[in-house]
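Report on the structure given below.
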């Protein structure tokens, strides 16, 4: 059901962890849903120098989390904001129709982390 | 479903035929039912010297017909009248529960033939 | 005697032997790839793959799409699901839910469903057929009402083999905006069955009639046709048929349908040759015989004959002793030994009805076997007529 | 990697591999003795004999009489037939037809049937269970009304393995003169199932859960229990289940039930030993784990565990990659990934519910396999907790 790529990313996820001195943190989901994703970013010269995640959730939640961090890492913030849900799904070799519900959570968490970074800047 | 004995009697029936100068004839059934049994008897000194049948009908109709003729032949009339439906079924090694409906037709035809014989005598 | 004698099976409308290729395709799914298609792990994935592949095979065999295929436990269940599924869906639309149209010669799976529906308040019109078993299209058309929900007319009859003009029926159904279901249990594999060619909304198939395993069936449901399940449980088969999927059965069914489709250019022609030669030779060798059903618009494997002065079961048993397997009416009704509603519907007289047998050929029957059948029939009919209390002799 | 690795199957509550002896018993009925049990000829007789023999095997395995056995297509159909069959029969007896009693933790086959019945006007009481999944007998007794037709309570739960006090339920049902049906799909073969010991009127069994083939099931119906069919067609199975009988499936089911009965003194004990050792070692090696269901009144093959800070599907997939097949909730609901109604009914918190898996042992699982499972669980739970956004670490 899951593509080979999904299973690969899921079993060997990149960028797992917390950035202790993160410049921005974003969280989506809830324990009731069964998915909580937190994304940490480290920004230097408007470039996402480091992107890490912690995820409690299903295979889709974990594999989209790691994929989002990989797609975003090294990109400029405005470039990173252009990543679409479709980009994430395509990079994973597709997702089963009935599993797409939570596929947007990781991207949303990245957006929140960037927002958080921007708010901190203006504060 | 049918006992071996039923199939034997059915495939190799004894006493098939018409007695042209019968002393009594009895018929049961109808084309609507799909069973018509005619029994012919020849009587001498109150003994059923010959008993024959013609049957249009199912396996049960044919096998009970031949069995009734065999059980009756050679018997005194009052002895023959004591033959029960159970005797016929037992002699056939049993009949399937759902096939007993027409098992009494042959015996009834014998009774009618004997009646016919008696009526002729009194006439 | 029976043990050394090669038996001749000519009751393929009752059921068929599983094709060895079909059995081979099934075997891995009993003991190796035995997973439940609802399971997420690798065993489950194997089951899902098998299920999808079979669904595609079935769809391809009848010109349908994979998502239009619902797997059931057999023809009876498919017929029930088609008719009751549509009515259940429309149950709140009172303007469009009260009336069903079917024919007088349907299989009990349809007729008993209809009687049940009558018992709970639906109305059913049973359209008559002519003396050759062909549906009266005029009567059908005139029987459509504003509140008609579904027309269910079989593709080909299981007793007399008459093929119905389904395309014409489909046109009427489309014109009147009524769903059309056809029971193709006897026709698939013998004549072309293409859901778009035929123009049907739903179509039933049973695996064991086409050299597949018993316990599996198909209901084709055209996209957009709204149904509700009539068995309740988990959400399998698009919510229309709950219960753990019978993977080996479904795999076998898929294979059987593929094979039947592939062989459509060959097998039916072979059966047709045997059928016509059988009919000719029986008519040559015996008097007072009648062929029931349509002379040409009939299944290539169906021979339905009435012998006067002979009772069908007795004839069947005499042939059985000679190692020949045929049937009296349809297999399903022979257990209760009631008069065939199909034969009464074509107006056959009682003295012919009782003497009716059905010979249904299969792809592996041979001309030598038909020789033996003709000879045995001649002997057996002769013997029973000799014994018969109503024969002319 | 997957191809060379021997996989470990511990999802026997979802489905089981067909026993080689069972498959052997079935094989002749596909290609040799392939007749239709409604046919009068020798092929039909072979089918009838097989059917009767299987019926006797089934009856003997549960202490019933042969005429009390109805063959169906599986557990779902058996559950539907039991409940709807009784209601259909009583539909004209308005004083005795409106109310059904069941539990909150039944299988969807029962629960969806009940929701359907509610949608057409029946009333259903869903009796709650305690935190270990045991039915509240007091509430059950108090919920019986004058118009209660049937009580349907499962013998053992498919997710958490809790065994219900069926004898007590049967006593209440008898006292109140209400039919009692039990779903024994998970219990048969693991604990004793004797219809008279238990005092049930109806009992469901599914072949594929007990090393028999998919596509076959049983409804035991105590003599005198009045039912009507809910599928319509020919008069098969005492008029309660129409459609050509799935002879190979039924033969396999009969064999599987015989074998399970014979091995009842051995297999469950083996599974129990594995179960308890598995539970002990998992608790020894991991924190924040919970065993769901009753500690002792549970199926010998059921291990249902909740791991905090871990999501069930992810754990299942990590184990799958290591060649271990287990399940999250019941197989049937994992496709829709809804929250388990069973786990909510026992009052489990959401953070535990999401981290729940079911390990269901089979007779052929070994202690070595459980070693591997314990180790893999430790690794996988550890890994997921590391990754988890809510773990304490």
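Points worth noting:
When the chains are written out, they are named A, B, C and D in that same order, and each has its own residue count from 1.
By definition in this document, a contact is a pair of C-beta atoms (placed from the backbone, for glycine too) under 8 Å apart; a residue touches a chain by one contact, two chains touch by 3 or more.
Computed from a predicted structure; not experimentally measured.
With every chain reduced to the mean of its CA atoms, the largest distance from subunit B is reached by A.
Looking at A-C alongside A-D, one finds more C-beta pairs in contact between the chains of A-D. Rounded to whole angstrom, the centroid-to-centroid distance between subunit A and subunit B, based on C-alpha atoms, equals 92 Å.
As a whole-number value, the distance joining the C-alpha centres of subunit C and subunit D reads 33 Å.
Subunit A and subunit C have CA centres that are 56 Å apart. One finds 41 Å separating the Cα centroids of subunit A and subunit D. With touch defined as above, residues shared between interfaces to two or more other chains in subunit D number as follows: 40, 313, 317, 335-336. Listed for subunit B are no residues, as none touches two or more other chains. Pairwise chain contacts present here: A-C, A-D, B-C, B-D, C-D [touch as defined]. Against subunit C, in their complex, subunit A makes its touches with residues 1.
Subunit C makes touch with subunit A in their complex at residues 40, 45, 48. Of all the residues in subunit C, the ones that touch subunit D in their complex are 2, 7, 9, 11, 14-18, 20, 23, 30-32, 34-36, 38-44, 73-77, 79-80, 107-109, 112-113, 115-116, 206, 208, 213-216, 230-236, 242-249, 313, 316-317, 319-320, 323-328, 331-336. For subunit B in complex with subunit C, the touching residues are 2, 7, 10-11, 13, 16, 27, 31-32, 34-38, 53-59, 61-62, 98.
Those residues of subunit C that touch subunit B in the shared complex are 309-311, 313-314, 317-318, 321, 335-337, 339, 350-351, 353-354, 386-391.
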